[in-house]
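Two complexes follow with chain A in common, the first pairing it with chain B and the second with chain C.
Let's turn to the complex of A and B:
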């Protein structure tokens, strides 16, 4: 029983934070709302990456491939039929002649993301360490290259536009919550605990019967599904997308969010995503000139300097991230049951 | 068709690209050897050197080039003191992401400096004389191609001598083989690391000189793409040893040069997919590196 109470407390932090941001987004002007919704979509993406990277301790630069695939799948399938035949002329007839609604497109994106991850994960999950990092990076390059060139499945190098902008406050909040709930359920399940055991000590985990390859594959697949879903949320938020928007810079930014918050906890993923997106939006505003008691007007381009400097500073001074890699706790509340140690960063 | 295109010109260009990438691979591999840190911001060192060359275009060549070396070495020392040293002993993920952040930081600073004259990109002209072509046996070869290959060979030979014939080189190799034991045996680790960082800075500056001759237009993402390719190359080659890393860097530079020269341009749109597909295949078959024969995969070390 107390175990469940502790679990509920751990989930409370991320959920409360997301709900607060969701509510705040409805109180600000519509010009500023996009920043809040963007932050919520980032939460979904970072949580998706966390499901694999955080639980397995294997670094992956490839998760944005699944975001990209999800975004383009959902985008291409929801462009209204009458305009689709005009702009996306080279598509396969099946894709060109059908369109689906908003919710089915989110599910489709999750399905395709998961399937893609399962297929590429089968061989890739045999790797670990640097080899895994480079191989997943190669996956990102291949996905980007194909999406950019193959005009039978998407817009190619041009911008995909006219995507219905259905990700509002409701969907962004719910989407982030779905990702958080999924990730939380996974990490407390038998599968999740086996994978986390293998992160701490692969040899010992194997010794007690954990099939590391299979557990990593499950996490990779689930992470791919969530990433595809997050990609769909993102494309429905922006209304248009290019292949370069789901490539190196997003990979860097989302990974930085995860490491910044704390690589090994769901709480860290959520805090990192919200902190960095908030900072990014604020600095973007400050470049235009903003009043915070005094007038703050930063030179153009200094946004990235500050962002990178703050990130480097936190990583150097507090390498386990803002949250220290532990789950959310209410300070002063006595811990119940066996302690779940805040694990050391993966080796 | 392909055979016909494999002329001397293509081969010499590919060798030159391979040589430059090999130099970068050594720079990255040296630091990885002692610090176990994959320095993603290595390309920004080269970028800083290239900007220095661009801003000192009016100066005499020797002054411009030595300023470039001084600036790059200073930045890499500053990096070691403010970033690498506090991070020592952290997990590879944290170190890699931190160097990501440093890379973006330097790139953002470069963008602001560059944008003072309201357009992106500066031109480095002081040493562009090297870009002239000379004709050898009916084939036009740019002087810089010869310089690149020559510089790479000289640098590698000097490095080999330095690492095998000097005390500090011996200490460096000891630290790379087993950091903790080397320290116990009295190797002054900080000196070794400083030495390595300076060496890798020297190599970055040399690469900056060669690359700015080839591509005189310097922008904030100068050498970024090359660095990514070289990082892939060194891991494919095998990052655990300097020679395999260097070979990997050379191989990927040579391969991309050859394929680029040999294929007609309309067939190369899927070239990255093929190249990275091969990379994945090699990693699956030989996770410890293509050239690391007879060594067990050391997944736990990295």
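Let's turn to the complex of A and C:
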């Protein structure tokens, strides 16, 4: 019983935060709404990355590949047929002659993201540590260049536009909640717990029968599916997309979000996504000049300089992130046992 | 360099075999070879008649051959109980069975009061016992315990001995025990295998080993002075 209460509480924090942001988005001007919806889509992306990185302890610079694949799959398949035949003339006939609706598009993106992750994960998940990080970076590079050059599957280097903007307050909020619920269910499942065990001590986990490669592959695949789904939410929010929007800067931003909130918890992923997304939007506006009692006009580029500095500061001062790497807890409602008197574990 | 030469070790169900020897004798290498963390350049590893020499460690664990580590970290962001449950889940137990087995083991190992605590906050001795609980939760046919009692206060050793005997007597498992605590080894083992410089120096019952002068020279004399030095 106690563990269900504890589980419910852990889920309560992220869910409440997302719902509040969703409600707030309906109260602001339509010019500002995009920032709130963008933050919610960021939550879905960061939670997707967290599913793999947070649970496995293996850093990946490649998860934005799955966001990209999901975004372009959803985008290409939902551009209305009459415009598609005029703009995306070089597509494979199957892609050119068919269009799908809103929900099928989100599901398709999740499916393709997951499938892609499964296929590339088969060889990649045999790596760990530094090799894994570099190899996943290679994946990002490969995906980016294929999407940018191959005009039979997408718009190539041009902007994909005329994508239906179906991601409003409802869908952004629900989408973020779906990602959170999925990630939560996974990390409490037997698969998730085996992977988290291997994160702490891979050898000990193998010694008790955990197939570390396979568990990492499952997480990578599920992470890919959620990332594809988040990509679809994103393209349906923006209405247009280029390959550069789902490449290095987004990789950096989403990892900054995860690091800022705390790599090892779902709560950290959600808090980090919302906080850094909000700050990012504010700094973006400040580069254009913004009035906050006085006129703040930052030089172009200071947005990313500032965010990168914050990421570095968090890594130096609080490596486990803003949330300390733990799940959401209500103060006073603690686990029984010696937690309180216990010495702090070594960092 | 060869860490092991011509060593032949058999472990049966329902018995506790001690593996002793000075540091560097090859005890840990032997355990690594048996459990798939090292692979032998020559020779085979068999489990109940099957050649498992090429098997991965997790596959061996699932087949009933598990081990603990000298320095194993607990899975820190899981609770103490979840640490044990995850082991049982790893070998295919259902959630309900895993929980039941975890609670039994925690009770036997004196960790029941800490079941809900975060494993990251455990004292050293508790963490070691948790490591043992985690291994036993897989309900192993054979379990290799690598210095499970190192760092354990002397007062807890009898309780620990009872746990090892219970694996043999109540669960029908075979235990290979590596430890520097000679009192523990002599008390619980049915047979003892002594390694020195990668070779078998002696093998026999605790009484035979105790009276073996070679062993005394190579090992017992040393540890009598240095004690547990892991």
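By definition in this document, the second predicted complex is superposed on the first by the 320 of 347 C-alpha atoms of A that agree within 3 Å, B and C clash if a C-alpha of one lies under 4 Å from a C-alpha of the other, contacts with A are read in each partner's own complex, and residues count from 1 in each chain.
Operating definition for what follows: a residue touches a chain if its C-beta (ideal position, glycine included) is under 8 Å from a C-beta of that chain, and two chains touch if they have at least 3 such contacts.
Predicted, not measured: the structure shown is a model, and the values here were computed from it.
Name the contact category of A:206: first (chain B only), second (chain C only), both, or neither.
It touches chain C, and chain B stays clear.
As a test of reading the superposition: which chain, chain B or chain C, is in touch with more residues of chain A?
Looking at chain B versus chain C, the one contacting more residues of chain A is B.
With the two structures laid over each other on chain A, which partner does A:99 touch: chain B (first), chain C (second), both, or neither?
Once the two structures are laid over each other on A, A:99 reaches no partner at all.
Where does A:193 make contact in the superposed view: on chain B (first), on chain C (second), on both, or on neither?
Second partner only.
With both complexes overlaid on chain A, does A:139 touch chain B (first), chain C (second), both or neither?
Touch status of A:139: first partner only.
Looking at A:129 after the superposition, I want to know if it touches chain B, chain C, both of them or none. Which is it: first, second, both, neither?
Touch partner of A:129: chain B, not chain C.
Going by the contact definition given at the top, which residues of chain A touch chain B in one complex and chain C in the other?
On chain A, the residues that contact chain B in one structure and chain C in the other are 345.
Taking the touch rule as given, give the residues of chain A at its contact with chain C in the complex, in rising order.
Residues 2, 190, 193-194, 196-197, 199-201, 203-212, 264-265, 325-326, 335-339, 342-343, 345.
Could you list, by residue number, the parts of chain B that touch chain A in their complex?
That would be residues 38, 82-83, 86-87, 90-94, 96-98, 100-102, 104-105, 107-109, 111-112, 115, 231-232, 235-236, 239, 269-270, 272-273, 276-277, 279-280, 283-284, 287-288, 297-302 of chain B.
What residues of chain A sit close enough to touch chain B in their complex?
53, 59, 123-124, 126-131, 133-135, 137-139, 141-142, 145-146, 149, 252, 255-256, 259, 263, 299-305, 307-309, 311-312, 315-317, 319, 345-347
With touch defined as at the start, can you tell me which chain C residues reach chain A in the complex?
Contact set of chain C toward chain A: 35, 37, 56-59, 61-62, 66-69, 72-80, 82-83, 85-87, 89-91, 95, 113-118, 120-123, 131, 134-135, 137-138.
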